[in-house]
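For clarity, chains are labelled A, B, C and D in written order, and residue numbers in each chain start from 1.
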Amino acid sequence: MSHNKRLKTYPLAKAKHVKVHGRTTPTLTPLTLFWTGSGIELNMKGSELWIEIEADYQMYESWISIVVNGVPMSRLMVTTGRHWICLLRGLNSDTVKNVRVVKDVQPMSSDPRCLLQIHALKVDGELLPVPDKPLKIEFIGDSITSGEGSIGAKEETDWVPMLFTALRNYTAITAEALHADYRVFSQSGWGVLTSWDNNPHGNIPAYYEQICSVLTGERNEALGAFADHDFTSWQPDVVVVNLGTNDGGAFYSPAWTDPVSGKVHKQRLNEDGTFNEEDVQAFENAAEHFLVKLRTSNPAAHIVWAYGMLGTPMMPAIYRAVDAYKKKTKDRKVSVFQLPNTTEETIGSRSHPGLSAHTKAADELTRYLREILKN
Amino acid sequence: MSHNKRLKTYPLAKAKHVKVHGRTTPTLTPLTLFWTGSGIELNMKGSELWIEIEADYQMYESWISIVVNGVPMSRLMVTTGRHWICLLRGLNSDTVKNVRVVKDVQPMSSDPRCLLQIHALKVDGELLPVPDKPLKIEFIGDSITSGEGSIGAKEETDWVPMLFTALRNYTAITAEALHADYRVFSQSGWGVLTSWDNNPHGNIPAYYEQICSVLTGERNEALGAFADHDFTSWQPDVVVVNLGTNDGGAFYSPAWTDPVSGKVHKQRLNEDGTFNEEDVQAFENAAEHFLVKLRTSNPAAHIVWAYGMLGTPMMPAIYRAVDAYKKKTKDRKVSVFQLPNTTEETIGSRSHPGLSAHTKAADELTRYLREILKN
Amino acid sequence: MSHNKRLKTYPLAKAKHVKVHGRTTPTLTPLTLFWTGSGIELNMKGSELWIEIEADYQMYESWISIVVNGVPMSRLMVTTGRHWICLLRGLNSDTVKNVRVVKDVQPMSSDPRCLLQIHALKVDGELLPVPDKPLKIEFIGDSITSGEGSIGAKEETDWVPMLFTALRNYTAITAEALHADYRVFSQSGWGVLTSWDNNPHGNIPAYYEQICSVLTGERNEALGAFADHDFTSWQPDVVVVNLGTNDGGAFYSPAWTDPVSGKVHKQRLNEDGTFNEEDVQAFENAAEHFLVKLRTSNPAAHIVWAYGMLGTPMMPAIYRAVDAYKKKTKDRKVSVFQLPNTTEETIGSRSHPGLSAHTKAADELTRYLREILKN
Amino acid sequence: MSHNKRLKTYPLAKAKHVKVHGRTTPTLTPLTLFWTGSGIELNMKGSELWIEIEADYQMYESWISIVVNGVPMSRLMVTTGRHWICLLRGLNSDTVKNVRVVKDVQPMSSDPRCLLQIHALKVDGELLPVPDKPLKIEFIGDSITSGEGSIGAKEETDWVPMLFTALRNYTAITAEALHADYRVFSQSGWGVLTSWDNNPHGNIPAYYEQICSVLTGERNEALGAFADHDFTSWQPDVVVVNLGTNDGGAFYSPAWTDPVSGKVHKQRLNEDGTFNEEDVQAFENAAEHFLVKLRTSNPAAHIVWAYGMLGTPMMPAIYRAVDAYKKKTKDRKVSVFQLPNTTEETIGSRSHPGLSAHTKAADELTRYLREILKN
């Protein structure tokens, strides 16, 4: 390769017009990416562009996608260490390219060493401003919202980062259709009350007010992951809550015993196979309280509980919880929206919704959000 | 990252059961990949897999895709130098994964330093045999067959490797549908008689009998790229020739002047806009001679001239050439197949067929090949 | 035409193996067809087949479709009077043809002279038994279930029988996909509590237990339309209730004044545009009572409240009504299913769901019914 | 039915603004409809419309479709005799409805009594002018162009009028997409040189210059069916010739012996399964002569030989014939267009292309015609 002598290196904090996506700390020395779908966006006028990226992990490596003018051009595993990665080269330097580097994987709460950071850029031209989009959406969810299984062969069963995707995902597709900036807050297996296996710590609401407290480990703490999130810094127009799937699953999973207290948690089935009423009520209470918390943090947003991509057993309970919340608060900007179920034809890997299921869900959700945003 | 101590390094020549795709020399120390769609295929039983890859170029870098169990999981630029790339990690080591590393870019004839080589593997398990598929297909063509423009935003216009793809391409899609091993021999802009700009050196037939003589440069010569290809080593059941598009374009392009001899080449239009008969006849003669050469090299193959993804102006001439060849030779295993035209809805980047155009072409070609392979 | 001398005439009561579809009286001298989707079905071995049909009306004529081997071959207006209509001729008389004559239009409650009857058959061969299908479904609904607007140009706005269809309709499509015999009980504009214009007489539950008491007029009374329906004669496996759309509309329509009592009926909106709670509660009570009635009449059926093809404003209320019913009765075989909304692309004539909206609804409903019928 | 006293009867010759489609004689007392796709078109402002229609036949009855504002609303068999048929009733009499009555069946050459005529109209409003469309297309073909098998269940095998359709047909779909008036000249089983069974009388070119000389019988003769067609009365912009399928079939069919002369006709196969060269040459000569005749009759039209919906065995011969014609005449407005093949998924009844095959063919033909009409 003939060396490109016009390339100049910029620490991220010194590079102008780098737009950061996703909940994170204000630090750019370096920038830490926590959530799936987070990343940086640039409008580059130049022929060549590199980023310096650093990764670490015990078990679960990170993956990124590189999106050029709205189309994914590259997707790669980021192995441990600090690397310079070439995003673009050989281009006409007179035209402006929109470039996004997107974290393709959710924060891995079970791997305390998980880390992905961007240190610097190299470019042989200039960066131009990246305007904010006219709409902001926050998606809150579980494995579906983390894009688990929306990539990869149907027969894949390993729980590995390779099978997660931020882009082949209803969140990214909906945001693009609505010309929205967006953020994702999601953990595979988690629910409103408990995770799929009845663990009460696997509940999203308890973590919602921090930057990324689902993570663990001293380094993540030092990086500020557990600090309170400043909601005033980014107020969404819409909050989409895609939760309930794992709460439903908990009824069919074994009990979870707290290793410390010995306390046993279990969402119970009645003998006739229906849900135990007390346990469903606990879910409804948790959902109702989560709505209160969401409203406190996002005073003006439309809150849409969007559920159904892997069946709808919790739908009556979700309707009851939303009803109860609305009755008490007179809050009108909360609604339930049913997402289309995944079928044999639209399933992906790991028995999760595939790309066509995500696309269909995004189409229907887009139409619904367009409608409520008119009002 | 906790180091995986079970990983062992194998020079490619020492690794068992590595299947090589694409025309190349017999050397594995290292393996040189010339053509788009070429690469290696493994059946790995293990949790982690790396390759050592080396690239070089003056202008046009290489790209590879990584395909796991038939699905593309990663696609990345390979910058100059020698790199270890992790293909897979963290997997259940008891199941067998089929892994392909595929060169995504055609040989770049205008860049004498173009190079892509695989030196070695690292794996923590074993490699199992990769059986040959029951069918073999060779695709011969131009930019369409090189997958130019079948990836990337519609507005992209730069002629860069990033916008080439071996997988989102009618060749790969047809081969997969027919469960075939396949090879690709293609150069963007080239034709049967001349390239799109009337250059008589940009003719595919003149290079067909060597391994990869479209390349230039001393290093490629030393690597054996210009040596004769041993056709007995891999005999296709079908040869698909997708040429004629650039020969048609030459009628509308300026003349080309030979920088050495000063001789001017031009496929001429009549005043009424029709093709000059003498010049069309020259194309027909070239097509007919190419059929003779293809038959000599591939005595038993069905030869299918498949044309039409960017219009059909040369179709009458192609039919006449095939007619003339068949009349003289009584060769029955040669036919013409019209591929579906690209439309506004199916176009990709650089005004070339997009993924949906390639998919449609592959569907129709697959049906046709299935039919003729019955007989 | 050469007269077919082998044709023999059979009064319907004398013809063997004529299967009658749809709620009607037991009389065959002649057979009166009341509901959309009702009709007769034959397995004919012969070359030619005619029926003698009689129609009358003041305003709204009837239409029928003729279905041969499952495919609609003919659709025609039946004008007033008694007519012989040729269904088939010139066929190979050795093969058996399945033939259905289907009423394409709902009972027209505002036209007391509405009448459609079948008197006799003419055939030159024999009729063979028509076995019952393994599944029975009853659909209860409004204009959507009557197929209003699922045929005809988008710009059509007249409320005329021509724009109703029994076949291009989610009922017929679902029944065919599930290999089910089916019946339809539907009135355009009607609801659970009131019709779209707040008329409390336009409520489906009040008429559910008679054969066809939505009709009016002395002749219909004499024909037995107002008599109690014998539910033991045909017990469905599934009852689909597609109601609520007009109840939702009533909130946005002017009040209705009873011409006799002078009493005014109106589902009211609050000042902030939400539904008045008392009025929604009245709807919920009506829905809950209807479920009690449906269960009494259909002791073993799955009852599915399927709603959403023209928006989902009543969905929370429907969920609450079903919840309340289930809580009181412990009836487990009742559920809510959301049908896909109609979009600009799938709309038909008269601002109603078009064929593609009905097809999509049928696909999703079919999948859901398959699932619950497994249990 | 309450009698509509505002209805007035008009003999067709006295009704203003009735547009006649299809080749026929100038007589309107009554109007005889010969070809499939022929009929009348009205712009009616009124609430009710009837036509008086007369039919006769020995074996093959006629069928008509009624199209309202571009959408088929009714399709019915017309039995022998003279009938008043109600096309529309109960409509808002202030809006204008476009109404077409379309003959759904080709002229039946083997039934000398075949007849379909329109005598009169009854309307309670006025008829407004029907403007000509900006484009005119003539389609010439065989069973495919007659819409044989594009309606009906896949298992249907009877050769009966019910299984023919003028509307679910690439001719009607193409004409609508291009906003064209169109005519159809087609006979099931016929070819350029012979019919599918080697009968040399089943050749379309010999009948092209008369109104409808494929018919037989004294009555048809008296009606003027055998008279020369006045080509100046309707000059198409495009002539689409979809012939060759039956000429190809003749090679695989038994010989045909002339019952009068005893002469035997047979398109022969060589021992190796290829077409006998002399016999293919006879087809090519016939095709070339037909082009001369078409050009004489249609001096300014684009002539497009569109072939391939049931395979392409004759394509090389068609290309040769068109080449030979163009070489001799320098006629530039003649071209070959390959239609998409029918597949298992797109097949209809009687092993003929189904609606989806016709739709696909129409889409591709439309795109091609749009392109050539630009020039």
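Definition applied: a contact is a pair of C-beta atoms (placed from the backbone, for glycine too) under 8 Å apart; a residue touches a chain by one contact, two chains touch by 3 or more.
Quantities reported herein were computed from a predicted structural model and do not represent experimental measurements.
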Quiz item: What is the set of chains touching both chain A and chain B?
Solution: none
Exercise. Between chain A and chain D, tell me the centre distance in angstrom, where each centre is the average of that chain's C-alpha atoms.
Key: 58
Quiz prompt | Cα-centroid distance, chain B relative to chain D, in whole angstrom | solution = 45
Quiz item: Taking each chain's centre as the mean position of its Cα atoms, how many Å separate chain C from chain D?
Solution: 38
Quiz item: Which positions in chain B touch two or more other chains at once?
Solution: none
Self-check item: All touching chain pairs, where touch follows the definition stated at the start
Solution: A-B, A-C, B-D, C-D
Exercise. In the complex, go through chain A and note every residue touching chain B.
Key: 1-2, 56-61, 63, 68-71, 73-77, 79-80, 86, 88-92, 113, 151-153, 155-158, 160-162
Exercise. Enumerate the contact residues on chain A facing chain C in the complex.
Key: 272, 274, 308, 312, 315-316, 319-320, 322-323, 332, 336, 338, 340-341, 343, 364, 367
